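Note that the chains take the letters A, B, C, D, E and F in the order they are written out, and that residue 1 is the start of every chain.
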Amino acid sequence: MDNKASIGGVAHGGAGQIAAVVKQLMDDNAVRLPHDGRNGGAPLPSHEEVGKIISLSRRLLFPGFFGASGLNEANLLYHTGIAVEELFNTLRSQIAAGLAFGHDRERPLCEDAREIAVEFMRSLPGLRSVLFADARATYIGDPAATSVDEVIFCYPGLRATVNHRVAHRLYELGVPVIPRMISEQAHRDTGIDIHPGATIGSEFVIDHGTGVVVGATSIIGNNVKLYQGVTLGARSFDRDENNNPVKGVPRHPIIGNDVVIYSNSTVLGRITIGDGAVIGGNLWVTEDVAPGEKLVQARPDNILRFKQ
Amino acid sequence: MDNKASIGGVAHGGAGQIAAVVKQLMDDNAVRLPHDGRNGGAPLPSHEEVGKIISLSRRLLFPGFFGASGLNEANLLYHTGIAVEELFNTLRSQIAAGLAFGHDRERPLCEDAREIAVEFMRSLPGLRSVLFADARATYIGDPAATSVDEVIFCYPGLRATVNHRVAHRLYELGVPVIPRMISEQAHRDTGIDIHPGATIGSEFVIDHGTGVVVGATSIIGNNVKLYQGVTLGARSFDRDENNNPVKGVPRHPIIGNDVVIYSNSTVLGRITIGDGAVIGGNLWVTEDVAPGEKLVQARPDNILRFKQ
Amino acid sequence: MDNKASIGGVAHGGAGQIAAVVKQLMDDNAVRLPHDGRNGGAPLPSHEEVGKIISLSRRLLFPGFFGASGLNEANLLYHTGIAVEELFNTLRSQIAAGLAFGHDRERPLCEDAREIAVEFMRSLPGLRSVLFADARATYIGDPAATSVDEVIFCYPGLRATVNHRVAHRLYELGVPVIPRMISEQAHRDTGIDIHPGATIGSEFVIDHGTGVVVGATSIIGNNVKLYQGVTLGARSFDRDENNNPVKGVPRHPIIGNDVVIYSNSTVLGRITIGDGAVIGGNLWVTEDVAPGEKLVQARPDNILRFKQ
Amino acid sequence: MDNKASIGGVAHGGAGQIAAVVKQLMDDNAVRLPHDGRNGGAPLPSHEEVGKIISLSRRLLFPGFFGASGLNEANLLYHTGIAVEELFNTLRSQIAAGLAFGHDRERPLCEDAREIAVEFMRSLPGLRSVLFADARATYIGDPAATSVDEVIFCYPGLRATVNHRVAHRLYELGVPVIPRMISEQAHRDTGIDIHPGATIGSEFVIDHGTGVVVGATSIIGNNVKLYQGVTLGARSFDRDENNNPVKGVPRHPIIGNDVVIYSNSTVLGRITIGDGAVIGGNLWVTEDVAPGEKLVQARPDNILRFKQ
Amino acid sequence: MDNKASIGGVAHGGAGQIAAVVKQLMDDNAVRLPHDGRNGGAPLPSHEEVGKIISLSRRLLFPGFFGASGLNEANLLYHTGIAVEELFNTLRSQIAAGLAFGHDRERPLCEDAREIAVEFMRSLPGLRSVLFADARATYIGDPAATSVDEVIFCYPGLRATVNHRVAHRLYELGVPVIPRMISEQAHRDTGIDIHPGATIGSEFVIDHGTGVVVGATSIIGNNVKLYQGVTLGARSFDRDENNNPVKGVPRHPIIGNDVVIYSNSTVLGRITIGDGAVIGGNLWVTEDVAPGEKLVQARPDNILRFKQ
Amino acid sequence: MDNKASIGGVAHGGAGQIAAVVKQLMDDNAVRLPHDGRNGGAPLPSHEEVGKIISLSRRLLFPGFFGASGLNEANLLYHTGIAVEELFNTLRSQIAAGLAFGHDRERPLCEDAREIAVEFMRSLPGLRSVLFADARATYIGDPAATSVDEVIFCYPGLRATVNHRVAHRLYELGVPVIPRMISEQAHRDTGIDIHPGATIGSEFVIDHGTGVVVGATSIIGNNVKLYQGVTLGARSFDRDENNNPVKGVPRHPIIGNDVVIYSNSTVLGRITIGDGAVIGGNLWVTEDVAPGEKLVQARPDNILRFKQ
């Protein structure tokens, strides 16, 4: 009957149905706006703008590897200047949105946002040398890597580490939500999920990485290497009177220096893995491991072999 | 010799080689178009348009969190109206393409596509309240979550659940391929792979999520929580006379209410996990688990510790 | 005080701080450009252009499934011709950038890049029939798949296999970095990480796939199926006098024909898995498996069950 | 008071004012949708899509000059095939929209649109040779032109002529509105306003062109040249009983072969300018001009010169 | 010698030359920033954003003709609501930038900008009925027009009139620069240059329009029609002690009601053209014209005809 | 019959018709590629890239007015550096394409293109001071202008002058086609058509501008002002043995210093307009005008007034 509908717009019947759906969605008691609508529609941080924060940071940390191609000593200053300014402006507005997201705030956010942005910018040179050390450690430890450049340019483990170090710095500076958004972008791109609260030492290496989980209160020493599928998780939560988990309690492992944890192993609870320990793959570790200790699966005991 | 080639286009030699490759690719017996070319090039569903279906749905389900920023009570109606209309039009055309993909159909697809689209739209308010309950359950169970808003805004587990509930509704309505495309988009973004056929109860929570696999005939009760790397899979397939798996047979687990399954555990086959059961991490479960039962790895027995 | 700052640009204070950060970043000793800046800013390969290589290849390998919709026998020639030319041009420039990345080269790269591009183009018909066979094998083995078309159109396992076969061909042709970029794009999209150096036979199937890792020197036979989370890894590295891993030594498994490896199992070292072997899930395998042998977890022994 | 408003969204006061404006605009009696809303929102032709019609036509008429660069004999077929198909599809949908715009139609438009599109496509080779002749004539007559290529590539006179010849063909085929949209695009780009109804012979040249107006019922012979600011207009309209102009009456000049009209002259009414006539600049011509006659301004008589 | 330069970036020599040019441009005494740089880089109004103001206004004034296609009675409210809000926000920020451009202001601009934006929004319904009357008058007077819809949809005269009425309203509200930007956009698109200060009555018609100029202090009555190339200009300026023109003095014509001025005529100075007067084409008018008077060129006297 | 055709692609009948049109267009004798296809498809200059040349130049000439907003003394260096480099690279590639367009060249173009690009860049500071003087002169002479900033920011006369001065510099440096493309972009945007060969002194002003034409061999002194519709044209061409115009002969006027030419006047041939002369509007001038002379239309003589 309503042939014209196939040309465009929505035909009469459709229009009525649409109006009905709109009405249902508007009347719905479940509808709630962010902040419960309480500050008149202040914008949330933007996933896209936060992506810009991380990509501008990456560009400044590893000039020439990311962003505009063709950088050389002659033009590096201009590109650095532009990127610093753009990063500063993006940080300022996103941090303000993040502060608005996190709290019922009375005082103006702009000054705070600006100060935090300046603090973060000042951390960039320091972050750069830490991250170059991460890249070098990755190269040295991986027989398949052909150069440090290749690691910087396309290794997902380093990518996730860059996001983490940036996110963690903003987390230290008290910015809500945005650190989490940054770590989720790494999670989406690499399958590596490091909570921005985790404290991680120098020369940190993640190999392959898909499925790695590092919990919020984890503390990791220097020169630690994690393989794919490793979890540093919580064993159990303290619960409050309503049987809900208590927030903010240290509940993830402390990993010493020079530790290697092989693929798909799970390390749970506020335990300590001593310096130089090696944890083999596919293990479930819930108790302390002494310095220098090496754990492996008791293989022969748990595999049945038979001819088909 | 062939200096001009470096300026642009393809130089003479190149042109001949290109023509040869084109000819080979055209002559190739292996070449086959979708539908074996049988309906004159009807377009396949579009990954991009299907992405629009899920992002418009997300925008309507959680107004203000996704899509345009700055929503408030004054403008919510307009934004809802526009998004409902756009979703309806996109659904209509993509469902028609999906129906064409799935079958050798004789009868016109447009009316069917339209009716299915209307049905789906009517489900949105219901989906909204279910998904808010998922978000609340996630918040309550995670000591690191600071608010329900944060869960909605950036938790990958909830993201995958949104995709699943939308995909599953279209699956129930008999739409081919598109539900699968929607679940693959979640898979790509989050590493969580839930088949659109899976039946999932309320207050569903996935934590971290990378590596989770939920098979097509799984049935999951209310208030269930899965950690990263959990598989609800098939143990073996019935095979037909050609030794190929028989399609459509129930082959994945039935999970009761209030069940928790910790990271990297694998639950296989049409077994039943009873209400309130807890399955520890890294387990391989192929037999029924009674209500309230708790399974953990027999740790001390399968780890060898020695000093290096 | 500095009210105008909120309108735009960067206020006075901000300007000073920005200049200071720029100066720090410029003075930083850690700063190094790619190639140590040694060839005047020659551009690196572009992640975006390399993405075009893979998407143009996918379009040519599966015409009508990817790229422009509405392909039919009448227009297939034109679309093929355009895509072949565009792929050739993109390959040529990206291979040249890749060659520059990989080596300190003296001789001009353009001719080499062009010859390699031609060689690669000539492989396309062969790649096409191998990949159709992969898709058919996936369809036959998966009870949830409704058609080969669906597998081609939206299965992540096949997607990763396409990337691998393309990357591996470029790897064989001696192109640096670009194969790795192609495999990392699959890794990012699917969570499947196959090193471009791995040798893989026909009718290769990956199911679900998230967390799969296949190392650089792996050799895989025909008709092999891997489930999610499977690792084919190295057990240990030979180390040189500086205690660094020696590069280029065979260190990953050899998998025979007709092998299935179930989810989350780890196969490590230069061992051989014989033809027709089946490796159950969640296993840790570091020794040879005989042809036809079947390995499963010794389940009853390592799970403790108790009532809560 | 409402400080948050400056961050985003619209503050309370603003929201009320916006709602008031929306209400006024909705209640407004003057509001009328296109077609008086009578066909449920069938889309109008799209200025953007019509721009594509003209740019695809230009690409086919002058291959290598417009559209993709780097065309050569080897790839011309592919580019032609793609552009022909894209033009056909765009024409089909836009002609259908144009037919809907022009009339209260009962019968389906799609078949008509399709037939007209095919007819138009068949005219392309003929249009091509006419337009190459236009370009050659422009080159020959302009001392500043360095090649025919330059004329094709960047002369606004030829650009407007291309638009006219395309628009006129669609006008002949009975398509409403779209020819007018095409001629207005030339008008906007070049300042040359040729009504699509005008009949124009071969080797037509417009120099500079800004301000040229050629009315709907003009008839122009072969080898005619118009300079900037020339008007071929109507002198007066027949008026109907309501004192409105009667539509469709021939009212613009007939220009013979080999005529030149210099800048800013105005030729009005259904008069005839004979073959080979020359009309000087800045003239106001409302009576027939005999073949071979030459008109110039009686200059000395109408300029006063005096020293300041 | 400098072969690498052809690959990318800028070779050594080039780098030095670029640095030299940068230095010259920085040292240049002539360099001055807008506002002489005096407010720290407050952004100028944006040509693009101002284009959005006019296109959103056009969409609200003629719903369904511009902006989203497929509008109908069912969805008009939503589209109106969205466009009103977007227009309000764009106006607010651009008016603030305009106020900053125009003056050395001490007091904050935001409140002023907001009030002006609200005032402007309130004018939209009034502007709509005036502009529909302009469109109707255009249709009635043009034998080539087939419907009022066609006039609204693609007549450049009406397009320029829309821009003028919007620009003039902002001009009345005291907004600097932006009205001029809006009129220049019409100028660019249509060749019609109406100063935003000009006062224009109802049922205003411009035919063809290229080259029309209407000066800042012109006053035009109701039902006036101008053809292409008509100038309403200033004859001479009062000059100040420095021999510069005095700004702000009435210096352009006053045109009565029901006046027609044909193509390329020039009317100069603060003269009055009486109601119902008709001014023929190509005239130079610098003295008052009485009501009902008709002026034509004394044609026979100033054309010389001779045979070639 | 062919219902599926309406869904997508081109139905069978359509496919045959398309193939036929493609064949006709390919067989067409009239088909010729640019350069008669003689250099294997070397790309033509790109209208889009040439647009970038002019917009980057404008950005460097008037920093802060065009390009990125928010420029201040602190970031000016970075923005200048980036824009200089981008301009240099764009010039280099476009000049090379222009040189290929203009000539049958044997020797490599890259070095020439590079040298010309450097030469052009060196002219920028000089062009800047000349153009600021043009802007100041425009401001001083226009009672409607409110500041020099406004003139720079939105006056079409100045816009066309910028394009001309840039185009003329490239013309002097011997670049083919590109200067013409630049002047045609101004023509399209402003209706002002200045041939890049024209020589123009300082403090040049064009008011309103639509319809202005300045021929290739015109020479214009300092402090000259042209109003809309003014033509500086050729009166007649020398013709060669084939009756074609001889290229390259001086044929346009020489305009002295301090001359004003009012709207729509036409000045033709290699005549001289003396210093300080004033030419009134709507005049047709083909003979020398003495220094200080003033010409006006003998108005009373050529207008007939009568009552209707």
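One rule holds in what follows: a residue touches a chain if its C-beta (ideal position, glycine included) is under 8 Å from a C-beta of that chain, and two chains touch if they have at least 3 such contacts.
Everything numeric in this text was worked out from a predicted model, so none of it was measured.
One of B-D, C-D or E-F repeats the interface of D-E: more than half of the contact pairs, counted by residue number, are shared by E-F.
Of all the chains, the one whose CA centre sits at the greatest distance from that of chain B is F.
With centres defined as mean CA coordinates, chain D is found 56 Å away from chain A. Note: centroid distance chain A to chain E, computed from Cα atoms, is 51 Å. Computed centre separation for the pair chain A/chain B is 22 angstrom, with centres defined by C-alpha atoms. Residues of chain B in contact with at least two other chains: 5, 8-10, 18, 22, 40-43, 69-73, 75, 77-78, 80-81, 85, 191, 210-211, 229, 264, 282, 297, 301-302.
The residues of chain E lying in touch with chain D in their complex are 60, 63-65, 69-73, 75-77, 80-81, 84-85, 88-89, 110, 114, 118, 121-122, 124-125, 128-129, 132, 140-146, 149-150, 153-156, 189-191, 208, 210-211, 227-229, 263-264, 280-282, 297, 299, 301-308. Taken together, the chain B residues at the contact with chain D in this complex read 8-10, 15-16, 18-19, 22, 69-75, 78.
Those residues of chain F that touch chain D in the shared complex are 6, 10, 14, 17-18, 21-22, 24-26, 28, 30-35, 37, 40-44, 46-47, 101-102, 176-177, 180-181, 184, 187-188, 191, 193, 195, 197, 210-211, 213, 215-216, 229, 231, 233-234, 237, 244-249, 251, 264, 266, 268, 276, 278, 282-286, 289-290, 292-298, 301-302. By the touch criterion given at the top, residues 75, 77-82, 85 of chain F touch chain A in their complex.
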